[in-house]
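In what follows, subunit A forms one complex with subunit B and a second complex with subunit C.
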Partner chain A sequence: MFGLRKSDSALLLIVIALTVLAPFILNPFPENSVMAQFNAGYPDLMQRLVIFGIFAIGFNILFGLTGYLSFGHAAFLGVGSYAGVWMIKLLTLNVIPAIVVSVIVAGAFSLLVGWISLRRSGIYFSILTLAFAQMSYALAYSVLTPITGGETGLQPKVGDPRILDAALEEGVTPRANLFGMFMNDSYDMVVGGWIFTFNVGYYIAAICMVLAFYLSIRIFRSPFGLMLRAVKSNQQRLNYTGIESKPYTLAAFVISGMYAGLAGGLLVAMDTQAGAERMFWTASGEVVLMTILGGAGTLIGPVLGAGFIKYFENIVSKINANILETWFSFMPDGLSDVFVGIIYPFIGKGWHLTLGILFMLVVIFLPGGLVQGGQKIAGMFKNKKDGSDSATSSASAAPAE
Partner chain B sequence: MGILEVQNVNKSFGGLKALTNVNLNVEEGMIHAIIGPNGAGKSTLLNCFVGRLIPDTGAVTFDGQSLLGKKPHEINQTGVSRVFQTPEIFSDLTVLENVMIPCFAKRDGAYSLNAINSVRNEKDILEKAEQMLVDVNMADKRDMVASSMSRGDKRRLEMAMCLSQDPKLLLLDEPTAGMARADTNNTIELLAEIQEKRHITMVVIEHDMHVVFSLAQKISVLAQGTVIVEDLPDKIKGHPKVQEAYLGGAH
Partner chain C sequence: MSIIKPTRRGLLRTSAVAGAGLAMPTIFTGSASAYMNEPTGSSVTLGFNVPQSGPYADEGADELRAYELAVEHLNGGGDGGMMNTFSSKELKGNGILGKKVEYVTGDTQTKADAARASAKSMIEKDGAIMITGGSSSGVAVAVQALCQEAGIIFMAGLTHSNDTTGKDKKANGFRHFFNSYMSGAALAPVLANAYGKDRKAYHLTADYNWGYTTEEAVRESTEAMGWETVNAVKTPLTQTDFSSYIAPVLQSDADVLVLNHYGGNMINSLTNAVQFGLRDKLVNGKNFEIIVPLYSRLMARGAGENVKGIFGSTNWHWSLQDEGSKAFVKSFGEKYGFPPSQAAHTTYCQTLLYADAAERAGTFNPCGIAEALEGFEFDGLGNGKTLYRAEDHQCFKDVLVVKGKENPTSEFDILEVVEVTPVSQVTYDANIPQMGGPEATLGDCNPGA
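Right after this comes the complex of A and B.
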């Protein structure tokens, strides 16, 4: 299908099914049940799941294939975001120019950063990318305030030029749209106690993610992808084989930068704003975590990792002491206090602690990430049945570094 | 005029003089062996050919062009391939992929990032790589991960990778080290056949005298960084200097 191998087509179909059915899958609990807070099927979170999925898929093309670990990819997402908001301010509230220009500007910026950073490899490369990202963050936060809005960030205003749009009616706030469909328009489907939300913005982002995923499969399976894996495996041998690796690594760097730009443009399409915090180093670190957690160098891993982390960030961080107390209210007073006391540091603002522990467990016990975990489980079932090897969805079964 | 000419090459590592005024003349289409005791500077000399090391002084010319100052990938593009003493392969890729990479590198032009073109036409590369594996008797290992193979197989794979590029000059640093006797004999046959059919010039470093005297048409003996004798194999066998520096020392 579409020039893919059988196993890859199957993987693509699974991803398509998951994204299309996400409003159901992410809302397994009835609206009024105690478990409803674990539902993730609301537009804002669903949009983030797929947008950060795109970010991680792109990052994996660089890190997973070539082994070059960039600690500055949030800069490209941020630059893409600013470019997107400017398109919305200057051209039109239609999101298409914003998204396209985000990708182009992020690509151009990553060409510059990659050109310089790829003069070094290993830890020095990582530090160079980190330095660029922190520089971009600092510039956006202060010196470039006229362009970036500084601390307050950048938003469209009623008085913006928007040369392609007709003037807004009096009192209407500018909202991003796609040919008249607003990103935050939703249709709620009520079935019994459940409410399933189908959101325009989510599906636009989901289509982008499916396309981004398809493209990443093609890159993984292409000779170009093979060369990138050769860079990771033995750069010396590649040189003695007549290939200078820099054009390849630079191309991978720019491609992943453009994926980051696409994610940035889509974020802007959803909430029409951009702020410097999107470029902060923690944001760059997050995409590294997503990729490793899911399984670097595997096709589906980054998507899983992004979904996992964004889900945790939004769900675990919302659990507070009151909610905990209602959970343990069936226990005698003293005992419930003990339990609440033990769990409390891991929830709410403490969700980073939970994430950190999970991350460590994965890296230590499943160096191939969640994908490896899935393969192990699948392998256990298969071995019971016929003892044959489990099919891998990964480009290489080698663990991530 | 040889295809590879080495003139007065010197190379020191700190205080250690690894090569002293080395002269070497490799004629086109020949198998030229370099022998010598451990630490004589044989690998160092090859490193000076492929751009891993730059000689302190001297000249290295291949096919009329100087190789000095060229980067490894540029030297490969002039038609020089090398099998290393410790195998340099793509350890975490499969055997087939290992051979496909040099095929792509050769066909799509090394410099140009010809990804689009190569995506389009992968089939002839696949066929070529598979044929190459048949030629070196590794067709059954095609889907193995390279790192899981024996040292001898890794070296055979590396040889296949180099041969798949149809080099003009093939440099082999102890190609049969770590191989079982049968594989060594296969390798001798393979190299002899390739030289006969394709007239690839080869420089072979080897400790195994059986290999050396089966293949070499000319032999240079290196000891302590200098070429002490260069002659036909028959003359080398009983040469007193060689006995003293090499064969004598080894026994």
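Right after this comes the complex of A and C.
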């Protein structure tokens, strides 16, 4: 199907099903239950899950295939975001020009950065990209304030030109839309005690992610992808056989930069503002974590990793001491205090700690990321069935660096 | 697109309960509610969006304490704090409009993106009717714009940049805290008295938005008074060692150093300046002086000994002796064991002001609340007579000029109030260029539905 081999089209279909049904999957608990705290099916988080999924898929094309660890990928996300906001300010509130221009601008910027950084490999490459990203961040935060809005960021204003749009009514706040559909418009379906939210912005981002995922499968399975893997396994040998590897790595770098730009453009489309923090090195580090956590070099891994981290950031960080107390209120006083005391450091502001522990566990016990965990479980079932060891059968199970 | 409409989770939640037990899925397509997240049950949810991690986590923790205290007081618990001294007597300790106040919290991480994500989740998931908090202007401006789009009231926390109620003001956003312009206007006369009108100032400015507006404000008001600005140098926000910036100050013939820094920046730059012996120098026959336009107790504590005798401005200080401040310090101190910071004070006030506006308006509709707050004059919240100006949603009140204490008695007793600059002296026209000029407008209030 679509020029894919059978296992890949199955994977694509699974991803499509997951994204289409996400409003159901992410809201497993009834609205008034105690567990509703863990529901993630609200528009903003669903949008973020797929957008950062795109970001991580793109990063994986560079890191997973060539092994070049870019520590500055957030710069492309940020540049794309700024380009997107400017399109919304200057051209039109329709999100399509914003998204397209974000991809183009991020691609051009990554061509420049890649051209310079790819002269080196290994740790030197990582440091160069990191330097570029920090430079972009510093510029956006202060020197380029007239273009980027500096600390307070860039956002559409009532008085923007918007040359393609008809003038807004007096006093109306400008909101991004797609041919009249606003990104935060939703349709709520109430089934029993459950509320499932179908959000316009989410489905636009989800379509982009499915396309991005499909493209990434094609790249993984193409001769170009094979050449990138050759770079990863032994670049020196590749050079000795007379193949110039830089065009391949540069192409991979630009493609992943464009993915980052797409993610940036979508972020802007969903929530029309861009700030410099988006380019900070922690943001670059986050996408590395997402990819490794999910499984670098695998197709679905980065998406899982992105979802995992964003879920923690948005759900666990919002649990506070009050909520804990209601959870343990059924226990006798002293005992509930003990439990609250034990769990308290890991929730709310402690979500970094929880995530860090999980990350360590994954890296130690599942070096191939969450995907390897899934394969192990699948392998256990298979072993029970026919007794053959299938853990090594998957072609995509390349271990992380 | 008739099936597409904004989320109305509050109403939906009720209908979800009603719908529970029905065998067939019911799809809700009923009539629109009047505004975003209209509370329909017996409680109302407020969203407290504060930095729990990152450089301003200390301020955030203190803000959260104040919010919890305010909710306790609104629901009739504790001793009522400033509700008893507040000039408006609408709040009865039975929640807001008879609904029990509940709250959700989020971590802004002092990043605009993270702050907007957590504010959105409060609005979309938890049905919060109002968002408040924050401890930096970048975050305040970003979240304020989000609330304007979503149709939610935003009550700004600690944000001092002019832009929050200047260039980036919004109809749904309100600020109780003072701003850069007021700092400059309040400091200038005190500085003229203390150090004379013939001074040469050298500015070190944190290289970001708040730094710019503060430098501009202090420059304009000191220059109007006769001072000369010798040089203004921008320093990177991430700088930790300022010696390379302090050395040129010694070479210039400046006799005053203005540090437009906040938080960790200020602690480091002040420490460096004092270590270089600037304060023991005589330039042009005058003692060299250092000024820090915006002071906070948490910063002063970080800089330790070095703040002694250094002037700055602050929104509020716990040593004030009016009835409101005393009541607040007492109930905060009894609950947490130490006096509140200015961040705690402003967030507590904002919560009370919001609740009171809802009572007076008789609704949670953002437009009703905005109308009730606009032009509202009140007293008894620790800053004397205060006006919520209708043109820019900025509070106008007296500004405190403070000085590092020479003989502190405890780790909280670091600053002393030198002068209370009356509100008339810090009031400005809403259309001055520092505030974005006439093209900066509030727009219309947005109820979100």
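Odds and ends about this structure:
One rule holds for everything that comes next: the second predicted complex is superposed on the first by the 392 of 401 C-alpha atoms of A that agree within 3 Å, B and C clash if a C-alpha of one lies under 4 Å from a C-alpha of the other, contacts with A are read in each partner's own complex, and residues count from 1 in each chain.
As a working rule, contacts are C-beta pairs under 8 Å (C-beta built on N, C-alpha and C of every residue); 3 or more make two chains touch, one makes a residue touch a chain.
From a predicted model like this one, the values you see are computed outputs, not experimental measurements.
Legend: residue contacts after superposition of the two complexes on their common chain; A:230 is shown touching subunit B, with no touch to subunit C. When the shared chain is aligned, no partner comes close enough to touch A:178: not subunit B, not subunit C. Of the two partner chains placed by the overlay, neither subunit B nor subunit C lies in contact with A:96. Residue contacts after overlaying the shared chain place A:139 against neither subunit B nor subunit C. By the touch criterion defined above, A:48 reaches subunit C but does not reach subunit B.
When the two complexes are overlaid on their common chain A, residue A:104 makes contact with neither subunit B nor subunit C. Taking subunit B and subunit C in turn and counting the residues of subunit A each one touches, the greater count comes from C. Once chain A of one complex is fitted onto chain A of the other, the partner contacts of A:16 are absent, as it touches neither subunit B nor subunit C.
In the superposed model, A:240 lies in contact with subunit B only, and not with subunit C.
Using the contact criterion defined above for the overlaid structures, shared-chain residue A:153 touches subunit C, although it does not reach subunit B. Counting contacts by the rule stated earlier, no residue of subunit A appears in both its interface with subunit B and its interface with subunit C.
Only residues 50, 71-73, 76-77, 81-82, 88-93, 97, 100-102, 104-106, 108, 110-113, 115, 118-119, 122, 125, 145, 161, 165 of subunit B touch subunit A when the two sit together in their complex.
By the touch criterion given at the top, residues 30-32, 39, 42-45, 48, 138, 141-143, 145, 150-153, 155, 158-159, 170-173, 175, 180-181, 184-195, 197, 200, 271-273, 275, 277-278, 280, 313-314, 317-318, 320, 348-349, 351-352 of subunit A touch subunit C in their complex.
Contact residues on subunit C toward subunit A in their complex (touch as defined above): 1, 3-9, 12-13, 15-17, 19-22, 25-28, 52-53, 57, 104-107, 111-114, 116-118, 120-121, 124-125, 136-138, 141-142, 145-146, 148-150, 161, 163, 168, 171, 207-210, 212, 234, 236-238, 439, 441, 443-444, 446. The residues of subunit A lying in touch with subunit B in their complex are 218, 222-224, 226-227, 229-230, 232-234, 236-244, 247-248, 251, 396, 398.
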